[in-house]
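Two complexes come next, and they have one chain in common, chain A, joined by chain B in the first and chain C in the second.
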Partner chain A sequence: MRERGRELTIVAALAMLSGYLSLTQANFRDAFTISTILTNAAYVAVVGIGMTIVIVAGQIDISVGSMLAVCALITGTLARAGVPMPLVVLASLLLGLGMGALNGALVAYLRVPSIIVTLATLTVLRGAIVWWTKGYWVMPLPPGWKVLGTTHLLGLPLPVWIGWAAVLAASILLAHTVFGREIYAAGSHPQAAQLNGIDTARVTFWVFALNGLLVGLATMLHVTRFSMVQTQEGLGLEFLVITAVVVGGTNIFGGSGTVMGTYLGVLLLTVTSSALTFLGISATWDQAIRGAFILVAVTADIVRTGQWRQPVGWA
Partner chain B sequence: MRYRQAFALTLTLALLMGLAGPGQAQKALKIFMIPKFTGAAYFAATEKGAKDAVAELKGRGVAIDFLYTGPSVANTDEEIRMIDDLVAQKPDAIIISANDAEALVPVAKKAKAAGIKVITYDADVADPTARHWFVNQGTFTLVGAALVDVVAEQAGKNARFAVVSADPGAFNQNSWIAAMKDRVAKKYPAMKLVDIRYGLDKPAESFSVAQDLINKYRGQLDAIIAPTSVALPKVAEAAEQAGLAGKIVVTGLSTPNDMREFVKKGTVKTVVLWNPVDLGYLAIYVAHATITGALKEGMAKQSVQAGRLGTREATAQLNDITAKGPLTLRNVILLGAPFRFTKENIDRFNF
Partner chain C sequence: MTEALLQLRGITKRFPGVLALDGVDFALTAGEVHALVGENGAGKSTLIKIISGVHQPDAGRIDYLGTPVTFPTPRAAADRGITVIYQEVALFPDLTVLENLYVGAYPRRPLLRHSGRGRRVDWMAMRARAQDVAASLGVKLDLEAPVHRLSAAQQQLVEIARALLRDARVIIMDEPTGPLTQQDAARLFSLIRQLRSRGVGIIYISHRLEEIFEVADRLTVLRDGRRIVAMPVGETTREMLIHHMVGRTLDTLYPHTARQTGPPVLEVEGLGTSGALTDVSFTLGRGEILGLAGLVGSGRTTLARAIFGIVPPGRGRIKLDGVDARIAHAGRARELGIAYVPEERQRQGLVLPFSVSENLSLVILRRLSRLGFINHASERTVAHDVVRRLDIRTPGIGVPAATLSGGNQQKVVVGKWLAAQPRVLIMDEPTRGVDVGAKAEIHRLMSELAGRGLAILLISSELPELLGMSDRIMVMHRGRIAGELSRGQATQEKIMAMATGVA
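For the complex of A and B:
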């Protein structure tokens, strides 16, 4: 299994990096440090699950950061208006689902390429945020706001556990359900999938809707750790998440990839980012290192699958 | 065109008042104030200060037709177009905060050539000859020094501190940091800037680099300065979640509204910025002094009487520290030392 190979590579990289940091930096092997890293990775991982599914299905969604900001600002506003937190969480999920479904409908039924559709929603949603908030942050938030994000269970904050549960559930969905197999089929060879009776338009639609739903969930795991919602939330999130997905072994051209690989990719990026501070490496390298990760991962994929022998062109 | 209507209304009222007031031989001065955009509490605060000054001058027999108008969102083209329209109405002075330093030079020059006194405030135009005076809210030198002074007062003169900034290439932030280093070198030799990290003005990144700093230097870091308003609340949040609220000094540049809760809780004892009410207030006095000729461009050693603020010096040349080395500001009136927002005074401000 090629995905297992990639997963093992990342585990080895993670182990080496964390091992080195733990040996040289006493404060890195501290339980609190590890807890903060896992918590910061949790919401990125949940967005990463959705992105993995979208990319496996042969599509892309670059609007996730804007969707997260919309969910964050609207749920913050609802909480301030006195809506009980369980309903606020539900609203975030439905809002995400709705925005994802819009992306999905445009891609699946109007046949607009997903990079164009989501580039448009990325921009339109950001613009809507500026228009609606005029740059004002949503605050102060009621005391119940931070319960989800800061309550601890067995030493770890709830977002970590929810993130793990989501990874597990999505792994099962992809590997052991009919819908999961349809996603791989639609992504690896859409024509063949169609001939085999798979409604690829329906699969595409639901893949985007599911991605939106997961962004709604990720929003709640992320923003309930803070006492205000800033309008800049989610800026550049798509780049971080797509990097993690590709590093995690998902083929950018669709058809293969695992959610576990993505989770490990997110962890690797999060630990790398913290490592820069711990090792005193100039922060200007952070972006460059992320870029290098992508290049190495994608090149490895292309060499291994022999894609470089084929004519130049997207997929 | 709401601003046109507002202007027409102002004009009508002024006309009526002029008719009704016998013995008011002097023509009212026309002063327009054009902020970057009107939809922000910050600029509304400058408007409030300006109106205070207009009312005071009126009390002293100086009639002023004052109009505050600007684009509803930050938009350079819209701002230029509005200034063009306003200049056609031949005001005595315009007070501008430039959305784009370069792009506003031609329109400012055009106004100046038409005999209008051009004052910039908050954000200057790139060419100092395009305007008469820049009412400066605080040089990099003053603001950087104020932040370091807060750390020295709250964490001691041998404090170890870190900075969580915006982007590694951000000119303003880098200039403030350069000024901080200068202050440390000149006034607090035992103080140490141990690390500078960048949150890229993204909330999540600002939060995680603040956590990384706190985790790495656990117990050996006395203060964090965030010279950017996106990062400051996230640094405060990171300190709270690490159980270090009140134990580690957190300060930086932001507005009272954005930081009110953290200041009231005590996680952040002092937020540094300038007072935009005073800034708008001073801008009117500068505009008035330029119209009357009390302030003359290019002359050394001048000052302006600015009501409740007292006297402010008008400087032909003022040296500042920036990320790209020393900079000489020309024809500047400085608002004064940066303002410190604390638990005691923060509720007097709404911006």
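For the complex of A and C:
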């Protein structure tokens, strides 16, 4: 739970990669490049926070990409209809919360496995989007739309600051609150948690609801940087986010992990992506490198914990 | 005397902190049903695990079919014809009966007629041999049915048939009648007699003494890891057998102090759950230690879990300090001041990756927090306090609970609940697997707590512990309260008689 090993490894990898790029690629040192990387990472990180919490609690949510698309399209439509931006942001948060709560209720109270529930919501929501938009993008958007995404504070766009605030808040939630402790207990050992009087169903429900809320927030950080909302927003986001969470040291079986690890994982993946661009390597390698990161991270865990000595099926 | 099929001499097995078997001799002849009896923890399980290759003895020798053997793995023992049928059926529920009969040893035949090595599962041969075995036992087996559709008795039959298909010479049955109805049990006994007449040696383990007198030829009594006696069943009586099983003198380890039992704290009226509990009623008073005896599976743990809100009670009610308590979940039980130290602390009581202090604070987190934020300073204070009071030996309060010894882990579980200052403390096998020193400390602590007015429900399979600690002992048998004994009346023999359904 408080292992810093993985985080230091990622920091080292990030330092090496950035150092190499800074020395060889003059443009990489630009404030603009750094700001772009941090901005691109911000919304992924916010979804990653929610995913970390869900995975620490022993669950999974693969519907985040579809939820993000729903939030994006509905808020875009609201903005076009003249709803003021503060209300649009609020709508995104509530919409995310509602969808997350639906996932949570199905997992916690109907005991449907989370992979199945969120596979279903992933598909249903994505289908609903196609049916509703018929593939048309939401545009043009009113002038106020891009204020959140493009306003700078101390040289960095607002989404970066909001992302950092979310990482900080979630770290505090996990490490210093009763709810955080209950999340680790439920993910670590659900029966023991229950025997200690922890209502594991309630914890599970709120974990999914919180994840939905964070997706709502991430949507706003992401889409307000562009002048239109595309129907394929968030497609494949779940893979990117789960990769970052696992690379960041969270145990995929629940019970341990940190939000800071996930944030570093997101940064590593983002820097790697832009490194490929700088080095002129085809973006198709991006996927392969992400896959390799997962294998390295998980294999390292398994070797460290000696889990490979156990028979297959003993998680 | 006929030559032994299986002969064990001087078998000794030590586990960390426990001498599980101490120079045990055991002999099984072909065509004999040999009962292995003893209290929980007497060493029966360890002995059969050594015979079946799960554990290796630290000392002693095993002769099988006249030659010395070692079984490094269960597979090695099974290949030589030694099969164990455990209490909990070890079949694959989604495979068919036929597939289960041969799992791990499918007969093969060549892919093509003359293509050499067997690569294809030979279903025809499997079916034919399975039908032969079923016919020879005089039973019907639906070979194509998935096992999960079978009754407990039918599943057991599948296990027996599987053993025979592998030419088992020794079949070990561990509490085989546990899941069976009486009619099914009667059928099982006639099956056992058939196996015996075929020359199979059967080791029969059961807590139900009446069964031993019905089906066994000889018996061996184990107590505290030693063989107490081995003799033909005909030469003993139930009373003698019980005496052999529990025969040690009660040590003065138990610090029972004379206490006045106060007004009832916990009142249970007509509690029933589907299947496991029937019409359970009792009261537990302030400052009282109420012992709860019963065999494994008699419903003791279910009762504890029903009171703690984990098993939903179907019927009946629970009152705390005279007020009706609706305990829908464990969190509610905790709020009402009920504490539960569960049976298997490793699997249930502790969150092993959590640190000692995180485990100690788990049930009082709300008290240690403000607006949901944990006050880490008070968390540490409480942890240090409990560690000191219970003398928990740990390198620090920040180390994972998993690294502590069994006794100290148990103290963490107890200490965690004490920090919650409960009204009722339920302890399920609180000293199992705990070394003698830690055990005495836990007992002393229990007496101290009862002296300060805590109502304690003590579930234990260890009769001396129950007799030594309890003010009153309640005995369960098959989900019911079979009887109650005052401290003055209670003897190990009386408890055993009630628990086995003799009295």
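A few comments on the model shown:
As a convention for this text, the second predicted complex is superposed on the first by the 311 of 315 C-alpha atoms of A that agree within 3 Å, B and C clash if a C-alpha of one lies under 4 Å from a C-alpha of the other, contacts with A are read in each partner's own complex, and residues count from 1 in each chain.
Everything that follows uses one rule, which is that a residue touches a chain if its C-beta (ideal position, glycine included) is under 8 Å from a C-beta of that chain, and two chains touch if they have at least 3 such contacts.
Quick caveat: nothing in here was measured; it's all calculated off a predicted structure.
Once both complexes are superposed on chain A, the partners chain B and chain C fit side by side without clashing.
When the shared chain is aligned, chain B comes close enough to touch A:40, but chain C does not. Applying the stated contact rule after C-alpha superposition, one finds that A:230 touches chain B and leaves chain C untouched.
When the shared chain is aligned, chain B comes close enough to touch A:139, but chain C does not.
Angle at the C-alpha centre of chain A formed with the centres of chain B and chain C, after superposition on chain A: 130°, rounded to the nearest 10. More chain A residues lie in contact with B than with the other chain of the pair chain B and chain C. When the shared chain is aligned, chain C comes close enough to touch A:177, but chain B does not.
Using the contact criterion defined above for the overlaid structures, shared-chain residue A:22 touches neither chain B nor chain C, since it reaches no partner. By the touch criterion stated above, A:194 is placed in contact with chain C alone, chain B being left untouched.
In the superposition on chain A, A:280 contacts chain B only, with no contact to chain C. Our summary of the superposed model lists a minimum C-alpha distance of 37 Å between chain B and chain C. The residues of chain A lying in touch with chain C in their complex are 1, 176-179, 181-182, 184-185, 188-189, 191-199, 255-256. Interface residues of chain B facing chain A in the complex, by the touch rule stated above, are 39-40, 73, 168, 195-198, 200-204, 207-209, 211-213, 215-218, 230, 233-234, 237, 241-242, 258, 261. On the chain C side of its complex with chain A, the touching residues are 308, 310, 329-331, 333-335, 340, 342, 347-354, 358, 362-363, 365-366, 369, 372-374, 376, 416. Per the touch definition, chain A reaches chain B in the complex via residues 25, 27-28, 30, 32-33, 36, 40, 130-131, 134-135, 137, 139-140, 150, 222, 225-228, 230, 232-237, 270, 273-274, 277-278, 280, 283-284.
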